[in-house]
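Here the chain labels run A, B, C, D, E and F in written order, and each chain numbers its own residues starting at 1.
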Amino acid sequence: MLPDLLAVGVPWAVASIVLPLAVALAAIALGPHARHLVLPGALLGAVIALAAAAQVLAHGAWHHAVGGWLPPLGIRLRLDGLAASFLVATAVVACGVAGFSRRLFEPSARRETRAGFAFWPLFFVMWAGLNAVFLGADLFNLYVALELLTLTAVAMVALDGKAETLAAAIRYLLFALLGSLAYLLGVALLYARYGALDLGLLRAAAVPDAITLAAGAIMTAGLMAKTAIFPLHGWLPPAHAGAPTPASAMLSALVVKASFYLIARLWFDVLPAAATVETSQLFGALGAGAIVFGSLLALRQEQLKLVIAYSTVAQLGYLFLMFPLTGSAAAPQPWAAAAWTGGMFHALAHAPAKAAMFLAAGLMIKACGDGRLAPLAGIGRDLPIACFAFGLAAVSLMGLPPSGGFTAKYLLLTAALASGQWWWALAILAGGLLAAAYLFRVLNRFLIAPAEAAPRVAVARRDQAIALALAGVSILLGLASLVPYQLLQIGRPAAAVGGLS
Amino acid sequence: MSPILYAATGAVLVGIGVFGLLARTHLLRRILAFNVIGSGIFLAFGGLGSRGPGSGVDPVPQAIVITGIVVALAATALAVTLVTRLFEETGAVTLPGEHPAEGPDAS
Amino acid sequence: MTAALVFDLSLCLLIAAVALAAVLADDLFTAIVLFIVYGLLAAIAWVRLDAIDVALAEAAIGAGLTGLLLVGAAARLGGRGAPPAAGRTPWRLLGKAAPAALCVAAAAALVVLVLALPDDAPGLRPLVAETIAASGVTNPVTAVLLNFRGYDTLLETIVLAVALVGVWSLTPDRDWGSVPGARQHARPDGVLATFGRLLPALGLLVAAHLLWAGADAPGGAFQAGTVLAAVWLVVVMAGVLPAPATADTRVRLLLVAGPAAFLGFGAVGAAGGVFLGHPAGAAKATILAIETALTLSIAATLGLLVLGVPRRPA
Amino acid sequence: MPVLVLSTSLVPAIVIFFLAEAQQRTRTLVNIAGALAKLALVAVMLDGVALGVAYETRLGLLPGLDLLLRVDALALLFLTLSAFLWLLTTIYAISYLGQGPHLSRFFGFFSLCVAATTGIALSGTLVTFFIFYELLTLSTWPLVVHQGDARSIAAGRRYLAYTLAGSAVLLLGIVWLESRTGPVEFTVRGSLAGVDAPTLQAVFCLLVAGLGVKTALVPLHGWLPAAMVAPAPVSALLHAVAVVKAGAFGIVRIIYDVYGTTLLHELSLGIPLAAVAAFTVIYGSARALQQDDIKRRLAFSTVSQVSYIVLGASLFGPYSTIGGLAHLVHQGLMKITLFFCAGALAERLHVHKVRELDGIGRTMPWTAAAFTVGALGMIGVPPIAGFVSKWYLGLGGVQAGHVWVVLVLAGSSLLNAGYFLPLIYRAWFVPGAMDRAPGRERPFWLIAPAVITALASLGVGALAGLAMSPLGWATLIVERNYTP
Amino acid sequence: MAAASTFLRRLALLAGVWLVLTENQPSAWLVGALAAGAGAAISLRLLPPQQRRVRLARVLRLAPGFVGGSLLGGIDVARRVFQPRMPLDPGWLSYRTRLPAGAPRVALGAEISLMPGTLAAGMHGDLLHVHCLDRRLPVAAFIAHEEARIARSIGVAPDPTDG
Amino acid sequence: MILDIATLVLASAGVVFFIAGTLGLLRFPDVYARLHALTKADNLGLGLIALGLVLQAGNVWQALKIVLVWLLAIFAAATVSQLIARSALVQRSSSPAARDS
């Protein structure tokens, strides 16, 4: 029975887009009654994502021509191992956030509240947008999906309605829109050059001429602005730190990955021939810069959520190290597969860890009534589960074993040393140490015995447990990394060649 | 020839819009500049789509541009609302840390 | 032929000049008016490119509604951003010179790229022409929007809906639950009110025509929806009908009707094996049905987007 | 089987984390039950391994990269030590900490720490070793900062700075090596054949430097004295059971199971390492002499003593290896005795400084006696365990043609005597303050562990000739695995 | 009853507009019927049937004057624009109208806005504010004339002497 | 042929009025005068162009359609000009002298 369901007869990939959209529309229509839909919707979304992954594992990559129209006329959806992995990561984080937010945005006295109304449509559309980005195989369709993310993300940042978050949201919006427009300009050029928008068709047709390279460069620059890679990171910390906690989790864990995902698709899938040694080293330099500067800035923050947000800036840097380590079709590196898989693994492992960290931080701030680090002293006694979750997530972010972060780091390091690019290995290791430095700065606070017991607002154990569960997932990813690894290999771009051993 | 002319105009509009974005700090002006960039890209898209032999226009860029226009409007609506709310909360029409409205170039 | 080229050249120069003027204008209102003019000129450019559908959309949405949004915001900002009398200092000019040079260089590079593209555009014209018989409509743009690339359009309607949610989410908490837009002070029997009472019937007709004609000629759900939205805005601004409360269930249903119909249609197709697949032979009917629902939702969404966040009367 | 052993401390760790602070009896029960179960399993395996049975568990992490747990003789040596001492330390800790705050957290991490040590002992590959090595770092940190005051936090910070930097270096070495060879398993020697010598030398330096941090090789020892602010059971854990031992154990693994002595000899890496170790032996002892705080004196003593193990391993001779391995156990027994005693003195009499020891032989005779046995053992007085290892080490040095080793040992022993004998003298022969009446040696379980380990130190030294003694087992290891 | 007949008349009017819009394509009739019906219904809601009935014939009788005025207005303004000296004498005039409130007044405003030299700028009570391009023209008499014409077309007779 | 010439003449005349309207917008002294120019001249210009196009229409329906568009445009222009004038007046109501100066 199960294999039948996993076969192409049930388009799980399509369902992963349709379901969250349907829930979002229902949430707009139903207002305060929508909260009964939230958990079933989220869980069903998770089931769909897992089924999609299982389908890929069982039957390989899956393509679907939407409306029955093949490219170049129509739009294709592509569910390969990479897409499936991101679907699952998204579903895991989204389920956690949904469970966490359910009571946060509960209507008061059966009356709809502003944030309560807005959050759920934004949340589910964001989820659908993420899935659409991961599944999209058409450049312009991806643009629309990206804008879906931009709008939901910006609105979420501003959900608190405070002046600082409004400014942060505007800054974010400016960056994101500029990035989208740059991307769109590249799409226009590519379409004018090749008459196709489908990734597969473009790969078949693309030659590394001036227009193609310029289009790729413009698109990449735009996407980098949206990914907040150093030195375009300025908008991220205030936005992610200012957003309501569940939004912070979604943004930091997932949304920034979407544009990164597109960069990776672009360079590995569409224009592998265009990647030169210089460009990939430049990407690596940006990544290393992000790691070092992001970490150093994280070390200087006095607000808990800002520490975590700057940590995102730093962690995004690792993702860009996969470009020099993978090399290109023109200049392939040994162990490219390890580098590519390591980079993607990092993106996947970072998601639940960062979400857990933000959720835990949100609870701590709620308990303290203060967003600074200092009042956290001794909170380990009051919120042990949240603190433990924070610690576990920190383990993954530092890349310490056993965690998904470690697996990623191991793969990236291996590729760096095997290809003789030891300087990236040093950046990776330095990043781990710096992460330890800024995270233990927080963890220390948990264990300090305060001079006098500070008053704390009570926090539900269930909410803490959600953070713990997400952190647990990021740890588990390090112990049970074989299946995700295999999943990632299905449909791996040809540019990322070379075996692990 | 003409379609290429419009495409080139689109490219110039992108430049003008980017200048507006960089040189202006008033947020509504930046939103305006965004729309100039956007419609410049659309025009380039359409102009490039009308090149070549044969009659008629490529409908795919047209459809894409219509979608793009609607998306741009959606983004503009959100942006404009954010800016008015920021003004109501703080009285500022620029981002914090950027020059407040002073001098002709900052308006 | 030469006359056409001269016209095109002048139009292009004019467009660029107006755009530059809009960016450089000292007065905010002037800048916005120039932007609207710019949008209308761009619409003419689209007519010259033989893209009437886009021209309609650009004029109505790109120039009209966007301009309306900017004017409304500028009014709310109450003249903030008007330039003080201070002259241009050399230092300021230098500060502007760098971005200016950058942008000139970027624009020049882009122009070179555009000109460098080979002239034998491998567009999709022939393919669309070949396939359009199977799409159910004869307007190729509608065929692309609602059939070949219907998935884009589905996401686009969601973009609109979510933008409205975003705008509403910015309501000040004290105003939540009230009616969008500023209170209008139009006299019940004034010019605007009369206009607002006469216009809707005609506007509805025009919208219906655009919608219906969109299958075979320029037009379609977005243009029709924009017309309806404009008419409705006039009605509301004239004080003929009040704007609905955001919590009004009917409004909510209207907002989601189009996307929901589209999505439901897609899901039914997916269950049959093809996501957003139109049933063979009935494509025109399904397209029109979806477009009708979309038109209503688009109209409601666009109108509410322009009205902005709910405000409680002071 | 290896998983079972691992779970005897992992499961209690998790259970204890979820226990409420007040459920003291349950916590104690879980702790003791886990420790006893582990000891029982170890006993079973000792028998099995002696007969040649191999226990192994594999878990695929990545294609070609396994989490491998395997029980071999060397693993079992370390495992036995940690299992035995864990039981005693747990008992001691329960008495020592009494009703203090955060006990669920404390014992949770305590058990986790032992689980990590178990994992280190059982690791069959470099990566597996690294995973547990890091787990050890992470699980000991909350113990070090347990008291939560400024000094503990500072010590914790220092501990982390050292150990995490060390792990980074270690990881670099591991990955560098494995990027050339593929994942390295401990038993498959000779897999390094295709790698060029400079790389191998560099990697060896990285590995040893990384492990040297936990081993507290000079100049990487700075964290160890600072970590003395931790509660006494934690110090015992750090010094005797887990942390420094894990480092030393790792170095032994690297020398014998990754590189092999032949290869290291060709790469001429043994003597430099031995020199570092010898310097550490002397330096640690010399510094210990200057310390006024008892625990700090013991800490520097550890710096010195643990390097005996490294010294033994780096000489490559069979006797020196036997001596080093035996010392792994012997030092553990003796040092834990000393820390138990120091902790008991601090807890019962608030004695922290050397001069405060005056007359405690009268007040707390059992404690003082156990302390004396441990200290004499450290100096190398026969027939206590320390003598046996030093003897074998010296023998090995002579056998390998490095007579200077004997001089180092002699010098170190003199220094040992120099800093331990005054303590013993003060305890027994200097009259103390009058208010210290006898009868303070309560509760029973605070004192008993020290006595037991003291007796054990005596026992393993006196009965070193038996096959199942640490020395006998070390001989077995060397004969079975490390004899070319 | 009145509502029904109003509805039918408006329906017919809108149907006519629809035919013009679609250039009388038979395939559009169904859509047109629906649209015209909806339009008429909305119109009925927004503009309920009133006692005074607008007679189409009489309204049509206004057309020639309207067109002529519009032509004159355009020429007049163009003449002034193109003259280098620009002969203007702008000023304001307040005209007290007798027309009933609502559509008739709006029609008056619309009409005079197209006529030479006058522009309606809103009402205060019965006072219609008119902006004159050239006060030397006989504006008031002109407005009165138009007012009378409109009044006749809707079947009321204002006192022509007032102004 | 005659029809074509007529169309050309009408359309050209229409353009002349459009130019007049635009020029008025620039030359006239205040917002009200400008409105005069804009509404009246542009209306006439549009009317003339429409008339010219009617002559080119293929059938009566097309011709009617052009007329309809023209009527709608006039309707809108007349309304909008009043609205603008009124709002300008309201904005300047602080100086009542402006009303009958």
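Worth pointing out:
As a working rule, a contact is a pair of C-beta atoms (placed from the backbone, for glycine too) under 8 Å apart; a residue touches a chain by one contact, two chains touch by 3 or more.
Small disclaimer: the values here were computed from a predicted structure and weren't measured.
In terms of the stated touch criterion, chain D and chain F have no partners in common.
Ranked by number of C-beta pairs in contact, the top chain pair is B-C.
With centres defined by CA atoms alone, the chain at the far end from chain B is D. Across the assembly, the mean Cα position most removed from that of chain E is the one of D.
Averaged Cα coordinates give chain A a centre that lies 42 Å from the centre of chain D.
Annotation: 61 Å between the Cα-based centres of chain A and chain E. Distance from the chain B centre to the chain C centre is 13 Å, each centre being the mean of its Cα atoms. Centroid to centroid, with C-alpha atoms defining each point, chain C and chain F lie 26 Å apart. Across the assembly, chain A contributes residues 73, 140, 144, 147, 151, 154-155, 158, 161, 166, 185, 189, 192 that each touch 2 or more other chains.
Residue positions of chain E touching 2 or more other chains: 17, 21, 109-110, 120, 122. Residues of chain D in contact with two or more other chains: none.
Screening every pair of chains for touch gives A-B, A-C, A-D, B-C, C-E, C-F, E-F.
In the complex of the two chains, the chain E residues touching chain C come out as 10, 14, 17-18, 21-22, 28, 31-32, 34-36, 38-40, 42-43, 46-47, 101-103, 105-106, 109-110, 120, 122-123.
Taken in their complex, chain E has these residues touching chain F: 17, 19-21, 23-24, 70-71, 73-78, 80-82, 86, 88, 90-94, 109-111, 113-114, 116-117, 119-122, 129, 131, 133. The touching residues of chain C, counted against chain B in their complex, run 4-5, 8-9, 12, 15-16, 19-20, 22-23, 26, 28, 31-32, 35, 38-39, 42, 45-46, 48-51, 53-54, 57-58, 61-62, 65-66, 69-70, 72-74, 76-77, 80-84, 86, 88-89, 92, 95-96, 99-100, 102-104, 106-108, 110-111, 113-115, 117, 119-126, 128-129, 140-141, 143-145, 148-149, 152-153, 156, 159-160, 162-164, 166-167, 170, 172, 222, 302, 305-306, 308-309. Partner chain E is touched in their complex by these residues of chain F: 16-17, 20-21, 23-24, 27-30, 32-33, 35-37, 39-41, 43-45, 47, 59, 61-62, 64-65, 68, 74-75, 78-79, 81-82, 85-86, 88-90, 98-101. Remark: chain B residues 7, 14, 21, 27, 30, 34, 37-38, 41, 44-45, 48-49, 51, 60-61, 64, 67-68, 71, 74-75, 78-79, 82-83, 85-86, 89-90, 92, 95-96 touch chain A in the complex.
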